Amino acid sequence: MVRAGIIGANGYAGAEVARLLMGHKDVEVRYVMSRSFAGQQYEGVFGNFKDINGKELCDIKLSDMAEDADVIFTATPQGYLQGELVPSILDKCRIIDLSADYRIKDVCVYEEWYKLEHHSKELIEEAVYGLTEINRDKIAGCRLLANPGCYTTCSILTAYPLMKEHMIEKDSLIINALSGVSGAGRGAKIQNLFCEVNENAKAYSVALHRHTPEIEEQLAYAYGDKVTLQFTPHLVPMNRGILVTETAKLSKDVSYQDVRDVYDKYYKDERFIRVLDENVCPETRFVEGSNYVDIGFKIDRRTGNIIMMGALDNLMKGAASQAVQNFNVMFGFEEKEGIDMIPMVP
Amino acid sequence: MVRAGIIGANGYAGAEVARLLMGHKDVEVRYVMSRSFAGQQYEGVFGNFKDINGKELCDIKLSDMAEDADVIFTATPQGYLQGELVPSILDKCRIIDLSADYRIKDVCVYEEWYKLEHHSKELIEEAVYGLTEINRDKIAGCRLLANPGCYTTCSILTAYPLMKEHMIEKDSLIINALSGVSGAGRGAKIQNLFCEVNENAKAYSVALHRHTPEIEEQLAYAYGDKVTLQFTPHLVPMNRGILVTETAKLSKDVSYQDVRDVYDKYYKDERFIRVLDENVCPETRFVEGSNYVDIGFKIDRRTGNIIMMGALDNLMKGAASQAVQNFNVMFGFEEKEGIDMIPMVP
Amino acid sequence: MVRAGIIGANGYAGAEVARLLMGHKDVEVRYVMSRSFAGQQYEGVFGNFKDINGKELCDIKLSDMAEDADVIFTATPQGYLQGELVPSILDKCRIIDLSADYRIKDVCVYEEWYKLEHHSKELIEEAVYGLTEINRDKIAGCRLLANPGCYTTCSILTAYPLMKEHMIEKDSLIINALSGVSGAGRGAKIQNLFCEVNENAKAYSVALHRHTPEIEEQLAYAYGDKVTLQFTPHLVPMNRGILVTETAKLSKDVSYQDVRDVYDKYYKDERFIRVLDENVCPETRFVEGSNYVDIGFKIDRRTGNIIMMGALDNLMKGAASQAVQNFNVMFGFEEKEGIDMIPMVP
Amino acid sequence: MVRAGIIGANGYAGAEVARLLMGHKDVEVRYVMSRSFAGQQYEGVFGNFKDINGKELCDIKLSDMAEDADVIFTATPQGYLQGELVPSILDKCRIIDLSADYRIKDVCVYEEWYKLEHHSKELIEEAVYGLTEINRDKIAGCRLLANPGCYTTCSILTAYPLMKEHMIEKDSLIINALSGVSGAGRGAKIQNLFCEVNENAKAYSVALHRHTPEIEEQLAYAYGDKVTLQFTPHLVPMNRGILVTETAKLSKDVSYQDVRDVYDKYYKDERFIRVLDENVCPETRFVEGSNYVDIGFKIDRRTGNIIMMGALDNLMKGAASQAVQNFNVMFGFEEKEGIDMIPMVP
């Protein structure tokens, strides 16, 4: 059994990691850590865990946890663990980090978009960006995994094949993304109260959202050149789900089948990426509670644009289940172990 | 592998049975039947099944399906299958019926509340009422299982121990129940459109709801005498969930621990019934996507009443996962096989 | 023009009072007060007020505001204003208090249920309980109006005629109430976050809710004797609305028309109380955004119970529009002035 | 009093027209027509009208209604009334048509996008496109008003000033729009059931939505040249609201103030268009229940794009209240008469 710890187990993503690991046949959840809820029964904080795991939320240092764990999942705010996460810890224990701290290789870009000084720059180089389907080989051997963000996973996977094959003009990409509210976390803020969010839709962080450089960096690797894009996130009244609508100029005259072939080239054998049939648009409900990403597209000959669409569950493939997928790759388990749920409808 | 068929696979409960059986290690889903959607790909009707099960919805007679299946789950409207379900079919294949047709032993009561003539009365006697925790022994050997309704399962399990132990006055029980909208089915009706249900709460079928006699009959078995109760269902704007609030006169002066002991006597060893800690009220979100029933209670010394509360997922313990739980008992599998999910929050 | 001030204008009820007063042809909104948001533009806190009212939220003492206002609406937490509200203020300015501080005549009952010491007991006697339809005469001349709670208004008006006419057994009343989330206020609490409330239903404050003694006291006045009842509130995922389902033993054998006549006796000429046709159940959506209360009932001969149901908008008739209705009565305007909206569907 | 009739009063838009006209001081609602609900009490179909208007839904021919009405609002599907609406009717009665039949001047474009033959082409020329703020002068004298669609009103007004002033590249406009579910109408369709829409987001009619040519035509008038744009609508789980996010290439280097000045040039004196402060994004909740359009924008120097955002209530400014606004202009009433509600939050 792999001994696991979770830091930030009081948040939605941390709790989702906990839920998945509690159901993983090769994992023992040894620590559920939360500074703010330390001392409380985990099942008191998340009633779904009643009678399932008798753990208490504890406040323990990362270095101490690392003595007694094979892997630690960190679901904490940006910058929160940089002071504690020193290279020597990685000699003892592998880290799967769900924060943004090690996702962006260019530390200046990180510091500019996050308005934070980075305190463990020396680990950025070593960290592997955990988009499983794209970086599977590097993930296998890594000690520090930077688990991608929810908007990011959906945005990149939806555009990746066409960007890689230069089928779209690289700087024409306009991403409009919709997110369920769990993406905003479990902090007690007026703006996330039920009555502020329900029966409402809005864009936010326009031109400034921090997932922008992460998407650009990864798509630049795919394209082989710098990519600049517009990313506009929106909040819509549902618990879970990311839906991205990506509009781009086609770089040449292509047929439906041409595009389909490109998607199939990269995703045909991927269990967790489903390219939908012609004229079928992805819907977040059809991936809810699962590790799937659903992708569809439409060519508009009138405008010369292609509209690519992707959907995933922000707490699953957009956070926790992708973290477990990466964990499985890192520790040599079957990739689908513990995350092979069929989406639940309604 | 047990060969299974599902009749009414186009409804929410039928699709949930399908989802669970597709993930059950000892079952092969051989038929997904729907008259109205026959000929369509199942994954076209329920996009969550994309790439998971290549089946097409078919229109096949029950008797023909029975030749090639070990068990058939029927998720159809009341009366729909009575003409087709003849005793000889049970010689070939076991039936787990999610409709109300074989739940009520007194056929006059059935015909009065359902305003239907019963066309296969001869099978009512044989049918076993599938409240697993209460009728486990009879379920094991049965050929025709009457799977309880969603309101019913929740209402009965919440009051059962106190009724059984005569701790409450038998005719004082007032049940107010809230249901998510999936309980109303997938039929195209104006009253279930999003804009009719969202931002709305209402009672319906007041004094007339058909689950009333089912609850009364089962609680009468528990009490050992006829029980008359008030059952008032309500529709609230959420996809899933049943919450019952049951108010009854205590028949004697009891302490919290007295009541707790009674609940523990019946449920302590039940994996899927969780009696909550003192002063904790059940919430539907904490059982969503699972086979659990959560139960809490509060004694009000001022009024002499006890308020018992229960929560379950109407499509799971209230329909599909209880059906699979019963299936496991009937076929000798571990009771939790394929239905052991931790509830998903949020 | 009547000069008005609003204390607690940053809450949902306070903002609703502001919205109604801004549209009232005989009122000038002179002060919108909020300690926590003082200095901010009101339209920055509530974007709906953009370009409608240029006011800034201010922090001003009640006594200072009273110098320059004819009426002050206080929408503040229990006990918040007791220190400031001294009798001399009422010589200058009339107060419409939306808190619970002056609703309960028996101060011991108040202090027991609210766990607070009352610091302005001397004003309780003078305060008039503002259930407009019942206390209209007393309201006209009053200086301190205690505006009823949302659960309370709905619970009392639904049962009042039958209690008054002794048509139900006085201690048999069991009230189950459902509330939209705005009733919980605009405080930043985890329990009211979208993802905690959405797709969830729960009972809370079982046997302990503070509106219980308020309902009992008013129904006791109606009945002419002490009334003890069970009140169980629930939270359901919608912004607005209260739905009460009240079950009581009928004290005699009555027909539909007998009960209907009793309701008509008290409510036939009431513009804002609508007694629905036979077999029609009230729905919160049909009163949303209005000052209406909808009432329906069903006699169950099987059980000897009557089920009475009432619906209102908790922020309107349950708070702000009833406050304005009372204001109209107090200041001699037409009772419907500024609150005569047709409910908005959907 | 102006005598008014409503055709299609059983739909959401028709009922909203009825609600507004019932509250309009200069209007008598003489007919509420619905073929499918003829003979039913209007308050039985929409419970909010209880005790407000005693009308019965009737099935009456347009020509007969025109004999006895000064204005008829038609809220019917495309093509539905073309056979009945003959020029001679306009001699007797003015028509405000909420369908798309007379919005597009180029009948070939209409027939191509709507896949319908147009049966009253002779009236298209006369019809005035009812975007009040832009065509006010023409509206005043018109007999046949083509009331704009919900997506259209929001999309056009958001981009109009910049398009008019050539501040954006005319063919670079990419509109992503979110709609509440009431925009899909009140027809009994599985796809609009609560459980299909709730907790879900999806794009639909990608590259094919019929509001596309209507937006293009109107923006072409503004620009003075043909405009081609990408319009992608999405369905999100809320009752009301349209939010558009429009991304376009700026045609020159401009400051925030430059853009602001252009918006102010056209909208400063418009009561129902609110241009928000810098860095404030429109939210649908802040216009709900009102005739307002809220507009915000953000310049992204990194990409050279401007992101313009607009929000309105699809049943109000997107349908019924704009129809009444046009009615007021046509009949010489104050433009805000009967539609001057402050948005309701939450």
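Letters A, B, C and D mark the chains as written, and numbering starts fresh at 1 in each.
Assume contacts are C-beta pairs under 8 Å (C-beta built on N, C-alpha and C of every residue); 3 or more make two chains touch, one makes a residue touch a chain.
Quick caveat, the model's predicted, so the values are computed rather than measured.
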Of A-D and B-D, whichever chain pair has more C-beta contact pairs: A-D
Chain at maximum distance from subunit D, centres defined as averaged CA atoms: B
Euclidean distance of C-alpha centroids - subunit A vs subunit D, Å: 38
Inter-centroid spacing, subunit D versus subunit C (mean Cα positions, whole Å): 36
CA centroid of subunit B to CA centroid of subunit D, Å: 45
Of all residues in subunit D, the ones touching two or more other chains: 12, 182, 195-196, 198-199, 237-240, 283, 285, 288, 346
Footprint of subunit B on subunit A - complex, ascending: 12, 15, 19, 22-23, 46-52, 182, 199, 239-240, 274, 276, 280, 283, 285-290, 292, 294, 340-346
Parts of subunit B lying in touch with subunit C, wherever the complex brings them together: 174, 176, 178, 180, 195-196, 198-204, 206-207, 228-230, 232, 234, 236-241, 243, 245, 247, 281-285, 288, 298-300, 302-303, 305, 307, 309, 311, 346
Residues on subunit D engaged by subunit B in the complex (per definition of touch): 12, 181-182, 186, 188-190, 192-199, 237-239
